[in-house]
Amino acid sequence: MSIAADSTVNPALRVAVIGAGYWGPNLARNFAMSTDWELVAICDTDAERAQGLARRTGNPDVVTSVDDLLAGQHVDAVAIATPARTHHPIAMQAIGAGKHVVVEKPLADTAARGRELVAAAQEAGTILMADHTYCYTPAVIKIRDLIGAGELGEILYVDSVRINLGLVQPDVDVFWDLAPHDLAILDFVLPDGLQSVSVAAEGADPLDAGKACIGYLSLPQRSGALVHVNVNWLSPTKIRQMVICGSRRTLVWDDLNPQQRISVFDRGVDLGRQERVLDDVATRKGVTISYRLGDTWSPALSEFEPLGLMVSQFASAIRSGTPAPTDGHSALRVLNVLEATSRSLADHGRHVSLEDPVPAGAVREER
Amino acid sequence: MSIAADSTVNPALRVAVIGAGYWGPNLARNFAMSTDWELVAICDTDAERAQGLARRTGNPDVVTSVDDLLAGQHVDAVAIATPARTHHPIAMQAIGAGKHVVVEKPLADTAARGRELVAAAQEAGTILMADHTYCYTPAVIKIRDLIGAGELGEILYVDSVRINLGLVQPDVDVFWDLAPHDLAILDFVLPDGLQSVSVAAEGADPLDAGKACIGYLSLPQRSGALVHVNVNWLSPTKIRQMVICGSRRTLVWDDLNPQQRISVFDRGVDLGRQERVLDDVATRKGVTISYRLGDTWSPALSEFEPLGLMVSQFASAIRSGTPAPTDGHSALRVLNVLEATSRSLADHGRHVSLEDPVPAGAVREER
Amino acid sequence: MSIAADSTVNPALRVAVIGAGYWGPNLARNFAMSTDWELVAICDTDAERAQGLARRTGNPDVVTSVDDLLAGQHVDAVAIATPARTHHPIAMQAIGAGKHVVVEKPLADTAARGRELVAAAQEAGTILMADHTYCYTPAVIKIRDLIGAGELGEILYVDSVRINLGLVQPDVDVFWDLAPHDLAILDFVLPDGLQSVSVAAEGADPLDAGKACIGYLSLPQRSGALVHVNVNWLSPTKIRQMVICGSRRTLVWDDLNPQQRISVFDRGVDLGRQERVLDDVATRKGVTISYRLGDTWSPALSEFEPLGLMVSQFASAIRSGTPAPTDGHSALRVLNVLEATSRSLADHGRHVSLEDPVPAGAVREER
Amino acid sequence: MSIAADSTVNPALRVAVIGAGYWGPNLARNFAMSTDWELVAICDTDAERAQGLARRTGNPDVVTSVDDLLAGQHVDAVAIATPARTHHPIAMQAIGAGKHVVVEKPLADTAARGRELVAAAQEAGTILMADHTYCYTPAVIKIRDLIGAGELGEILYVDSVRINLGLVQPDVDVFWDLAPHDLAILDFVLPDGLQSVSVAAEGADPLDAGKACIGYLSLPQRSGALVHVNVNWLSPTKIRQMVICGSRRTLVWDDLNPQQRISVFDRGVDLGRQERVLDDVATRKGVTISYRLGDTWSPALSEFEPLGLMVSQFASAIRSGTPAPTDGHSALRVLNVLEATSRSLADHGRHVSLEDPVPAGAVREER
């Protein structure tokens, strides 16, 4: 069977990128390079900017409004990389026109609008996906695989730190700016996704910027694990580190150490598990406490461009009719935590309950 | 004037060490080496252990009860290194006998008992001091000096991390075990000491050890600064790092990096401070946001044994009649936070108000 | 005076890039973005490759031979990014046609051919420059400035390590592949350039690859300083570190640490310099040895694209008629060391004398 | 069989420590703590210093001359920690009296004197051992075990760096001060010990201290591997790192990183070994070059005091009559390299041949 015949079976999907600003060019470049896709249009209200991007990506059409885009030549899907507050209207319009949609994070600027998008896509039978790019990096996929294979055992706690001297954003606080990364990653790698009982947030605005510039999130999980996230725009040092402690082993992901991005430590404390006693033994109230001090292991990681994988999985989701790993429901779980975070901040850091509107089991089965 | 004459003016003070277990030997060794002190007795209920320690520290007397110690030969002061729950009765007895007292941390096992000790010492006119050893390290003294000299400007936030694979303690949780270090250090280095409005604590006990093994503390300060502390017994990696962010510069203390323990970063964000605009400029709602990206500086540190300085300052406090840097009031501020921490933990992480029973101004003036 | 008038005074220079393989696209992109330059042609024997590059750089002309290029439209300068063995014939042809020339490193594949190029350019009155890109990075320029300002004092030794798991090159050994970087950098930052008395080389080929894959160079300088360079294709870890020890301070450049690329240590040993005794004092044969243990300082670095600065300095050199920092003479000093390295390797690591055919003083005055 | 009976079979050996200066106290402390040994005397010309040490180590006898020591009470063995130039006469006297001897490094101050000691001990039938302490550390023993088990494959090269701001020694240059560590370690961990064909040394004395303060050693091995050692007293940073590259894996030992002292990298280049091609493939002259980019692994290390193991192995050697791991022959191979180093330095860095007076096979069989 020839490649041409193959192409007939799987003809390239036609996509338009809406928004030619900061992130749009990355999406356009990856769609243009993908054999799954044909990039047919760039849409931006700034025609010159759209034109410039089109020139660097194989000269797709240029349009200056979503109306024109949808009225014009046929597209199967759109990728939206516009300001967050415009995600909802543009995506609703595209879904309404029967298009598959991938949206730059966050899915929407409120959880309610996110829910509308998910419902609309479900009704229209189209694929809705968030571009949570970290979930398509070699490191995060490896972490998901290791946890899925039981290498860490039961997850006991997660501690994530994402701090640096960052741009004080005009519209959102540091939680909405940085925490979506941590939350989307955790929803992706944890065996049952992000299943938070509640969220308590501590924030501070020491510069009087009018919004939290440093923040801490506590997210007790249904499993009993505690997830903690630290985000900060005012740190002189840059740290991107996530510790995932399991009953068997603990994984540390240091994204700024290219020579050893992931370390898996066979170190920990065991209570009352005498069969695993290796090094040292102590007893407490009839319970045995033992300390494991084993080897450390750093798996090799593949190298590939995350956005290349993302556009490929978007295509797969469309072709197979099954949700993408970072589908609308996943994006919604992230939005729910962010909204509860804002409520907790307003209520002096009290725990805000998270009624999960997205049953985890159901969602996960679909993955 | 000869040295002999000097000795007449400042004869060595006579001290006994009570408790020859884990920490007592360190205290005994430093008292024995100090020209300020004469180590005259070791007291431990285990005579053999006391004898062993005495042999290595110049053969002071050995006694097996505090009664015998106080009834016997004359001592000016006692150093108490016994289990925490016994600090209060032993110290009360010593103060009652008119002795100066230094107590291993924590000062007492409850804030109420700590207050009793402080009151008793005040009434008896004796010196009461906590051995918060970190406050006598070269790094912490340098940090206090830098902050005191205004090098960091106004303190905006503090983030302290003290985690490692540690012993799960039989009697106390991770907050009472590790956080006293962070709290005592902050009380020592911050310009007005630890002046917390309230404390909110998040803890987790993922191993069912019966107590929190990982914990997070949020301590808003009267100054507006947010102090956050992370303590953890279950971390495979060891971190001892404190970030003190100021309006002018930010200091990072990494106690496990002997080649660069302290770094001072001239990096940060300024709002509406146009006179300091250096690198990049953006405006927001008529407010100017500017980013400083200046040099980093790592001061050289002296080298000396912290406990040697501690015993010397204990002698100075006795001779001058002025409080030591880590006096009873300071230790009490630490205990107050620890007690509020336990209350917050029991109340789902709600902020527990800290009525400061120790007026900061008054205390600081005495230092 | 308007910008248009300015443009008349300084019209953009016209340049062609020869070679559209690995490095040519970087050069083409930077010429295309520069206001000093107009990129008028891409030349490659592979027309398709040249066309592809032209499309991404503003559609300059495409030609497939140097003859056509020089016969065709007017160019002021050419940038040569072809295989090393072709640098000499192409550059000679371009110089013969009166063009200014910048050549990817190394200038030529032998020192003799390098000398021919330098002589030809001198005779023709054209600018000849090597693209030693590292010399245009913020870090290296800062190092040059610090040394030039006397911050390090007299240079005592240099130790440079450039190792990683690298491609075993088909044509050259590890010395010719990696050491040109270290040598060009040192020629640029040292006050009198690279003024080596001799070179001794140790190499090893443990895989029987037919050439040295790991190597060590010792380069005693006329000043008395010892320069040592370690290059290695077989190291599992990647290190890019240069230590420049001076009589006053020592600089460490760690190019893989973006958070602290340059550290300046006020630490060292002083002999017989009693006025600087700070910390510890010992005497030896009537000579005082003292140890300085001062602060460490890490200067902030500007951020700019090195190749952008390189093409700008190429333009300046042409307009002013003065040599560029990495002119032909500098490139020749690098080639001379590389040739002597090969001779030392063939002679069991003996020191091979370097008769400097490029008087340092003369060259430096021109800079 | 009771412990008492055991003690009859293996009564504690009686040892005296000669020299109570810098290193003697460490030896005395470990002999005093060992069940294999009874510390019966401290010998030092400075009676007060000897007395002070005796007080801290269980009050053995104090003598002020080796004559008195050997004439007095019975000892089985002596440990010599006096200045290097006195090692030979003291050890000769002790061997002459039939004592087993362990000597602080270096064994002697010249290779000839070392050979005399080895010959004398052989003739007298006593154990002669050098206290190359590093060979008894957990890390070095693990390295020896890994190499011995074939985990690294055939050794291709070794690169050792031992630099810091060190004391400029009055009597010896930096090679004799620091390189004995590297050489003794390599003699211990390499499968056939240190089997150097020749040695070439580059040194520099940029401070006019009258001796080399920085140095580089190249030691081609009979196996074809190249050993390179860098020692330096003038470095502002402290590095203790040894890379041992093998055909299968490469080990990096970073002794200053307690959290990951040993890393084993499954990374490297394979030539013509097509069965191992894993990641990337290239061909060259009919030869296949492939790159392995596998996992990294850091083995857990036991924790014990190296000197405790050393004194225990000294006892075992005496009891079994078999050489200790760091016996006289091993120490002699270190001395031979050091002497050849000095000759190479004096001869402008030329390779000085090493005729091996100690056949490797023979020696190793005995271990």
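When the chains are written out, they are named A, B, C and D in that same order, and each has its own residue count from 1.
One rule holds in what follows: contacts are C-beta pairs under 8 Å (C-beta built on N, C-alpha and C of every residue); 3 or more make two chains touch, one makes a residue touch a chain.
Quick caveat: nothing in here was measured; it's all calculated off a predicted structure.
For the pairs A-B and A-D, the count of C-beta pairs in contact is higher at A-B.
Look at the CA centroids: the one farthest from the centroid of chain D belongs to A.
Centroids of chain B and chain D (each the mean of its C-alpha atoms) stand 42 Å apart.
The geometric centre of chain A is 53 Å away from that of chain D, both derived from CA atoms.
Centroid to centroid, with C-alpha atoms defining each point, chain A and chain B lie 42 Å apart. Counting partners per residue, chain C has 237, 293 as the residues that reach two or more other chains.
Interface residues of chain C facing chain A in the complex, by the touch rule stated above, are 56, 237-238, 259. Considering their complex, residues 260, 266, 293-300 of chain C touch chain B. On chain C, the positions that touch chain D within their shared complex are 156-157, 159, 165, 167-168, 170, 200, 202, 204, 206-210, 213-214, 216, 218, 220, 224-226, 228, 230, 232-237, 243, 245, 250, 252, 265, 267-271, 282, 284-285, 289, 291, 293, 348-351.
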